[in-house]
């Protein structure tokens, strides 16, 4: 571990260090906004470092990459964390979250996600994944006043540790068959230029279960709605935008290494993707709870991302990364609106709570409507370009039936996305929302939502720049 | 010789684990598990991982299991109520799934050429191990330390009971 | 003509301008009146520009692009902002501009809720439609294709009548079902072309020459066809239409019937046929059969309607069936008739929807058994209604006849039975239109109180349309000239039987 | 000079448009005067320009209309030996009817609409007559359809009237379809719609095509002329104001079919089967109409059926190859039938707006002028020797008989029988209306019309028509008479085959016809000179209702049409398609509930799902491993 | 050469599956967590065995990381179990089903 290596990892260290600093500061400084400011500054610094300061070495400790791909995701996750911090200031304050812990945990989650995205070895992957998963266990149950939060945290925890064990077994098996943790070699050792070896298959089976759990693919998705529902809205946003994205960004690296062996996995990936798209869509259809709906929708979207992964070429990876960026933006945005609508007491979750919101809260509701359309993949939002990419990838890889499943899912999914839009704009004349009224949202929250809105629209109308950037990563 | 010891230890570990899994009472289960962990530690040693073996005993058998025991004691679990055997209706599917997983794992493991290879004698000296761990994997250690730190923070945050229970947020 | 647009992307500006207007409406949301004026001004400016283009570029034209613009968009995907205007799009763009002004005017006093949003959506819709008629890049086309959808969904869903949400969702789902498959097909062509030439592009001109892998073309074409057939709509994919048209606010119905249906046919002409000439040719008999089926089906069901708006909606199914029939027989005359008929249907049905809206506004009902006696209460309005109903019925001398006659002449030439059966549709059209007139115009008025006859604003909506209807009915050449050659080339490329000697 | 022909069309068009657009603002006098002036000027113009029709006639064309590929259709007029007399008749009779209408409509508030439609009707009719191509003819064809729709339903507040208009429009449109298809066919096979060109090139058509086209043309003519089987609209059309009945259902529109067939006679005559069909339709309709007229109780319905019957004679004429005979009867019929209708209008007004002839009677004393005019018309209709109707009808029967085969003899027989019936119902009408005592006394007193004298303009338009009708025979006297064959000579080859018959045969047939009229008159006198309440037998009702044609059509067409519409709407659209989709949506929703129910909230089931997934995946890998070797 | 690697794998796999079985069967949260510990120990054995097979110590390093991780997870888990017990008065995992659907 040389200094050069540490220097190359500086952006992550900034995040982790800041989280430590905030944790300590938080012991006596209970002023949330200033801690948030500090955290955001750290994120900004990390992002700036990642972009501006070229790394001296490309790989740190044989575990983490400092290459462009990793840096890209670091910027993304730092942004996600900063965004979450900013958009949840009022939310956290209203629920009397411990400021130090709150900010510190979020920052560390960002660091963990960055590490996962940067992982070049199975150990790195494992550690990065566990780092932010552990933090998420805490964050989900962070609101102690909320029974649902605690229940969600517990469920995620028990399932998560089980999945961790499965993941570890998978790592062990891959290691056993390849003799190294380092990704390209390990994957090549498992597969090489031949079909996967039996141990490799076994290991991959375990890995896929764990990955499937983390990104919530059917049938490993069952925790998702419960956890989304119970978790505080900003955390659910982070879960959707960050945790899944980070996992997938690592999977891109995993799958890139196995070459021909991918053919052995393809049917399983195919089935996982197809099931996720179909069953996720079906389950979302009947949800009256917006957060649960978004949870199932994330199941569907992860199915889409997986579809993109079936094309192992750079185009497929590009499509996946673009999808992840889009999905991060849109889920942050959607949960950001929920955060902004949340009052002192609770979050609006039932569809009925949104009735007439389009006229009382024009901007936030319009943004939410755009996010819903984006999730449905309707142009001119980024969702369309994202889906275009993965559809193209699926067709390129010869999986037209899967693309058709995707089309079907997109079509049906429209129904539940529109439900929310309908509730906001087309419910009975002047229907007051049931339960407590929606909060108006602060300027900061509106600005945060606005950033996502702009991003989502830009990705749909002028995705060229991002596509070029992503193209340069791979 | 070590081969025989390995098999004996394996048998011990597995039987203890089985007993752990099937015991009614939590305390019994934990004690059996500690038993299994000891056997496992010895197996680690046989496989050339003395340091890991030591930590297995210290951390797992020593710290973690004691923590469990502590919690079990704290709640004074009522054997009759808390540790009832699952109903057969629920047992058999689980056993079946487990059996399938096991069978598939074993079949795949035996099908692999690596499985036929014998495990050569190997010994990772504590020094070499330490160099590897704090050299190449230093960053991992850092991450692990962060994890432990945040685990502490988390345990504190989650377990602190000063807030009134029963806030209605997020209910269906 | 080349000099006046050399350095300005007129077409792009045309597409973007209404969007700016939409933003302006949102910015002006404090004042409803300002939004109305903004909507009117923007739509009038667009109409002015389109009219100006028509004056400049109209007249007999060849098959080339009258205007063509090509700007970079997403280089990595090979998508470009390629817009082109030829004779057909020129006419349709003019129709669009015209009917949006109608839409703005008919909504003037009628829509009172969320006025800024209404006009913003209306203008966005205009952008989308213009884009569809102009874009030559498949991705861009698809983008506009869907952009049309969203404002319409909101227009129906927010300002519609009783079952508006059901209708809006149905409309959205039907349309999207087709277009998603089309998206896959677009990707298929795109990938096949890229694989073959190494150049990934969405440009229509390039993709037209793609040699697709064996067996692909029919499926890809089917996907395109499905998307367009839903929009047209072809029987049996038409059931969204009566709901959407009926539940939509007046402006929505006008634009739906007048413009959105045309986009389906236009898409088929611009993209479906040129991209897959082989399968397109094979599909013609089916298209003809479906067109004919639609012609009768729509008319037959229209006759059974009790709701005036629904009746007019079903009449659209019938009319569009004839348009498709004209394309499907692929003779120059029939194709020209189809093109003309698109314009005609847009005008007369648009006007009828506007009229039904005006009547319903006064009567508070659209049911034929509750209306009646309009002539006694508002003779001028009734006169306009009669006029447009006759036009829709295909009375010679009015616009629809010109198109229908050409279609039938062409169809008979290709396949006498088709022409003869198509002509038999005249009776069906008369049946439902007479029922509509009977229900609305004649009979004793239901109550004695007099109605406000046509207001100046309403007159301004209807009178120009009436003039156009007459113009098209008696001297359609003005509008035919620009696309005459296009029709000939289209017919030749489809190789329909019985082409002109 | 030739371009002045356009004024023929434009005058009534402008008159109609002015009345339509600003008529509501004009005074009744002005708007009516404008209408009359427009038509009158057209009539005068027609007369003035009559010489243009000499020789090959005059063609003018103004504006391109429909052009595409090789299709070239313009607004072009053909003023020739066939169209000129027709145009003259149309404008002249129309002028008189317009004048009559001035009086008839004197109490109507909505006069502008009436005069607008009347003028537009004349315009459309002139389009039919003068069109040099079939498309323009079709414009007029549909135009008269619309105008008659609007005029029949003029009193729109009564749903019955609007229904009658609707029926007229629809039924005639069925015929129009045949005409349209004939147009399409002609264009498809001959590449032109120009009437002269079509007639000239008709020989190039295959025999089957010729027959087909002829039959289609017949179909078109049948609709417009209310011949079997599309005749049901005409009796109902009597719901319109009387001038309308006179104009549309006597003089002009119903004869459009005959004119069409004459216009295309060179083409039609090439198909023997076509001609036979035309003759048959004509003869059958003539008989049908006459039988129905026997038992009608409304004066205008009697006249309507008689019109149908007379137009049937004209068809018969065309069918036996005597186009000039058809035109001859067309012209005389136009005069006397317009006269009869207008007189009937006066009668109705005199009887206190009573339509039912069984409740009239004794009107002769009330207005001798009306009586004598009516009688003149009736004599013509009945075919009393030396009247116009006698000569024209006789010419037709002669032409039929002289063809000399079984078919034509039987057609002749039917015609002769009809002539007898014609005399019978005509005199029945005269007796019931004018003879005896007034039977309408039970009318509430003070009803308008009883006390108001008829406007002068209504009464004094009758005598000129009476004169025209009585003297109409001069137009085309049979061979051997002075000035014989004026019309035949004028029409020349357009008039169809020359009837070759011996003078003796001609005289014999005339004698037969005279005898038939006499028998008819005597029978009528015997039965109706003294009023008896009408019989109510089954046959009576059958005839009264026009052989139950309406009911039969209701069962044959209307009900099935409604049923299929219902099926498509409720059955297919709503149940099958929408119902299917809704069902699918419900099914998907149910599936969604099922899938969502999987998330039971129980940790154990979540864990089990995880393990299941793992197990399934591993099992798949194992199977694959074994299968793949 | 002590034993064939497959045999090490067998032991670890059996242990892993036994742990999984415990996780699936048990309803007591604490015993579920113990099941997870068993699974992780099985994994540890496989890692150590593989480490020996390849004559490299990386596998053992991961085992140590696993232990650290386990410790961290157990800390949080137990804290949460305590919280839940306090809230619901039960350690039955299936009692917590306010969130479902």
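Note that the chains take the letters A, B, C, D and E in the order they are written out, and that residue 1 is the start of every chain.
Definition applied: a contact is a pair of C-beta atoms (placed from the backbone, for glycine too) under 8 Å apart; a residue touches a chain by one contact, two chains touch by 3 or more.
These figures come from a predicted structure and were not determined experimentally.
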Any chain touching chain A and chain B at once appears in the list D, E
Output for shared partners of chain A and chain C reads D
What chain lies farthest away from chain C once each centre is taken as the mean of the Cα atoms?
B
Have a look and report which chain pair racks up the highest count of C-beta pairs in contact.
B-E
Averaging each chain's C-alpha atoms to get its centre, pick out the one most distant from chain A.
D
Report the inter-centroid distance (CA atoms only) between chain B and chain E in whole Å.
5
Using CA atom averages as chain centres, what separation in Å is found between chain C and chain E?
65
Measuring centre to centre with CA averages, how many angstrom lie between chain B and chain C?
69
Where the CA atoms of chain A average out and where those of chain D average out, how many Å apart are those spots?
77
For chain E, residue numbers touching 2 or more other chains are 5, 9, 16, 19-20, 23-24, 27, 32-33, 49, 53, 58, 61, 65, 69, 72-73, 76, 80-81, 83, 87, 93, 96, 98-101
In chain D, what residues contact two or more other chains?
596, 599, 601, 603-604, 607-608, 611-612, 614, 618, 621, 625
Could you list the positions in chain C whose residues touch two or more of the other chains?
none
Go ahead and list every pair of chains that touch.
A-B, A-C, A-D, A-E, B-D, B-E, C-D, D-E
Okay, in this complex, where on chain B does chain D touch?
90, 93-94, 97-98, 100-101, 104-105, 107-108, 111
Please output the residues of chain C touching chain A within their complex, sorted ascending.
29, 72-77, 114, 139, 142-143, 146-147, 149-150, 153-154, 157-158, 164-165, 168-169, 172-173, 176-177, 180-181, 183-184, 187-188, 190-191
Could you pull out which chain D residues touch chain B in their complex?
604, 608, 611-612, 614-615, 618-619, 621-622, 625
Write out the stretch or stretches of chain A touching chain D in their complex.
154-155, 158-159, 162-163, 166, 195, 198, 201-202, 204-206, 208-209, 212-213, 219-220, 222-223, 225-226, 264, 267-268, 279, 281-287, 296, 412, 415
Which part of chain A faces chain E closely enough to touch in the complex?
123, 126-127, 130, 134, 137-138, 141, 144, 147-148, 150-155, 157-158, 161-162, 164-166, 168-169, 171-173, 175-176, 179-181, 225-226, 229-230, 286-287, 289, 292
